[in-house]
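In the two complexes below, chain A is the common chain; its partner is chain B in one and chain C in the other.
So, the complex of A and B:
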């Protein structure tokens, strides 16, 4: 159902159809994430529901404003001609900003990122995987239709701040789910910033992030880790497993010889080519802090 | 052997697609293979502990990565393998180090080098978008007017910073003593012998790429690292840990190297290459000695490592020869390198003679301190004072450390 709703949402041209897909996606995700009837999972599902419903609400509000200014419900086929928009540019920009705001909320980007760690902390590892990877797909694609030069400043601020928050938030964590939540916020910052430079780049980044974080999450899931106290028992699984585990984390951090570096490379190349050096520097600082707490995890494992 | 590739005074160059070699990279590649062999000989005791398979694979991997590093011409690929060399080193420290503090040392090393090399990545991408080419052997003649201005200085500094941390320069050296103290013998040997030289190599390549373009940054970096080297040689005198002392001594030597390189004359260039080779072999040998003493005495402290002349007379011989080389005693390659460097630094500014004087004096001082405090004196009461004979393997290892130092001096036009 999660997959079907994603396809539905992304293939409908009508804004309200997209909205329907978003809601369906949220409901189906909640329904399988609270299967175990554990109280914590229900609480996490409730938090997730509230935030996502609010995000969809913003999307709906923005789409009405969009219709008001453009006279069209079709987000993707409409050619924005500012000459026809005299007097309505403000409404049009506001519509865009409100829709983007809703999507940032659904993604868990900078201003409204608080829910991601607390929701992921209480979910099962499988739901965490879906939340950190698959659930980012629709909002990212929709975001890519909305971005434009008039929202550049907003996007850059959100991107850099998400990256920094993702770095700072994870520094003192001992719970691995929260740590992975902050790491996903950090990577989200990279994707949002990259979106202004290159669309292909975002797809590469998303694909690489999907694969690498999937392998990290699967490790954590299979060995049922949730905090550092449990991680330290690596002697049960031997040296080669330990090395694989650490290499996965280094790959997620984007250290050069690994796959994760490719996404960083693509992103930085796009940023340097379009001349936004400071965006690149800000994101790199966030990525360094990410690397720092991944290193702490690896060090804890290899005691 | 080195002379074979540099016969005559020409700057020979051969290339194979992405890879290319001139006499500088060729001599450093020889250093890589030489030190790797020594690493295997020094870690012979691992055979009995059963973890040798993975250890040897890591050493092989590191050797291949370093070989690629010294032979790749493309700046971006160079960055890639430059960083890749970090991972096997980290594994060596984490997997075969002695104390729990190795975790802290490993993360120090990782964070210092990675955070300095991310500006390098940005810089390389900028070079690509500004100049359109990132081949090491294509020289960009930078107009000196172009390098005025704060942005250009920051850009140039970002290209050098990764190598300055790797070398390490005085202000960014804190990871090195920690990493050396916690690393196993082979880890310290490769760290001092080859990985530091990677920084020098990268610095020289960057400088030749921007021929004449660094002048605003040259003076600052050169003089800071010379003063840093002086301070470091004073720090060396109050170390109680043998490995830490050797590590700080290599910081001091590298400071001299940066000073010579930043003077911007050809003698400094030649001297840097010579001292990279000399210090690579010499400090690797000293770390092997310290490691062997640790195996026998189970301590790296100079308080316990006393009177080894009684316990290990043949090892004292090697301690003496390698300490003499470390203080740049006469028939050694270090002497040639230091003479080149000192004359190039003095050609840059006469006022630096004070710094260099103190630096050279204390270089002799701490090398003698290292030798005397470990070899002479009374044997610690906790030791069995029976004479231990060295095996042929150990003797030949030190022989191979010492031979290049005192034979290449006959053919220094590398």
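So, the complex of A and C:
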């Protein structure tokens, strides 16, 4: 159902169809993340529900304003001609900003990032995998339709700040789920910033992030670890497992010989080409802090 | 024009009360519902003003708003069954 609603949302050109897909996605994700009668999962589902409902409310409001200003329901077939929009440019820009705001809320980007760690802290690892990878897919694609020069400043701020937040938030964290949540916020910042530079770069980055974080999460899910104080558990794995696990973490951090480096390389190349050095520097500082706490995890495992 | 402004006020006050609600969960569900109703009202005004506006799409909005509300109520009930109270403050926020 989660997959079907994603396809539904992305294949519909009508903005209300997109909204329906988002709603269906939320409904189905909540209903499968509360499978067990766990005390905490209901709470996590409720928090997720409130934030996502508010985000889709923003999206709906923005789409009405879009319709009011453009007279069309179709996001990507509409050619924006500012000469026809005299007096309506403000409404149009407001609609765009409101829709982007709703999507940022749904993604967990900078201003409303705090729900991601608290939700992921209380979910099962499988729901965490879906939340960190698949659930980002629709809002990212929709965000890339809305990207334009008039929202450049907003996007840059959101991307740099969410990268920094993803770095700083995870620094003193002992729970692995929360740590992974902050790392997903940091990667989200990279994706949002890259969106202004190149569309292919975002796809590469998202694909690489999907694969690498899937493997990291699968490791964590397989061994059901929630905090890295459980040293005795790690010892039972054997040497090769530990090495694989550490390599996965380094790949997620983006160290050169691994896959994760390629996506960061593509991103930085695109940013340098378009001359946005501030964005690149901010994102790199966030990624450095990411690397720091990944290294702490790896050291706790292997030493 | 007054209708537009009124419905936008309804929507934004629903959003603000949802964001600032810190005691009862039922209150936040109610404000969510208020937001959806305001959006429906806004849409019906928009579809009257625009040429070629489809009025029946409002029904879809209402239907999905109700779906959302029923999901919220289901979560609410299961939370009351597990926690015993409906206070937002029992949430762990980190």
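The rule is short, and it goes like this: the second predicted complex is superposed on the first by the 300 of 303 C-alpha atoms of A that agree within 3 Å, B and C clash if a C-alpha of one lies under 4 Å from a C-alpha of the other, contacts with A are read in each partner's own complex, and residues count from 1 in each chain.
As a convention for this text, contacts are C-beta pairs under 8 Å (C-beta built on N, C-alpha and C of every residue); 3 or more make two chains touch, one makes a residue touch a chain.
Source: prediction; values computed, not measured.
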- Which of the two partners, first being chain B and second being chain C, lies in contact with A:42: first, second, both, or neither? second
- May I ask you to decide whether A:130 touches chain B, chain C, both, or neither, giving the answer as first, second, both or neither? neither
- Message: In the overlaid three-chain picture, which partner chain does A:280 touch, first (chain B) or second (chain C), both, or neither?
- Response: first
- Task: Report for A:256: first if it touches chain B alone, second if chain C alone, otherwise both or neither.
- Result: first
- State whether A:269 touches chain B only (first), chain C only (second), both chains, or neither. first
- Between chain B and chain C, more residues of chain A are touched by C
- Who does A:88 touch here: chain B (first), chain C (second), both, or neither? neither
- Figure out whether A:218 sits in contact with chain B (first) or chain C (second), or with both, or with neither. neither
- As the complex stands, chain A meets chain C at residues 16, 19-20, 23, 26-27, 30-31, 34, 37, 39, 42-43, 45-47, 49-50, 53-54, 56-58, 60-61, 64, 67-68, 71, 114, 117-118, 121-122, 178
- If you look only at chain B, which of its residues touch chain A in the complex? 51, 54, 79-84, 86-87, 91, 94-95, 100, 103-104, 106-107, 110-111, 114-115, 118, 121-122, 125-126, 128-129
- Message: Help me check something: in the complex, which residues belonging to chain A touch chain B?
- Response: 239-240, 243, 247, 250, 255-257, 261, 265, 268-269, 272-273, 277, 280-281, 284, 287-288, 291-292, 295-296, 299, 302-303
- Task: Flag every residue of chain C that touches chain A in the complex, lowest number first.
- Result: 11, 14-15, 18-19, 25, 28, 32, 35-36, 39, 42-43, 46, 49-53, 57, 60-61, 64, 67-68, 71-72, 75-76, 78-79, 82-83, 91-94
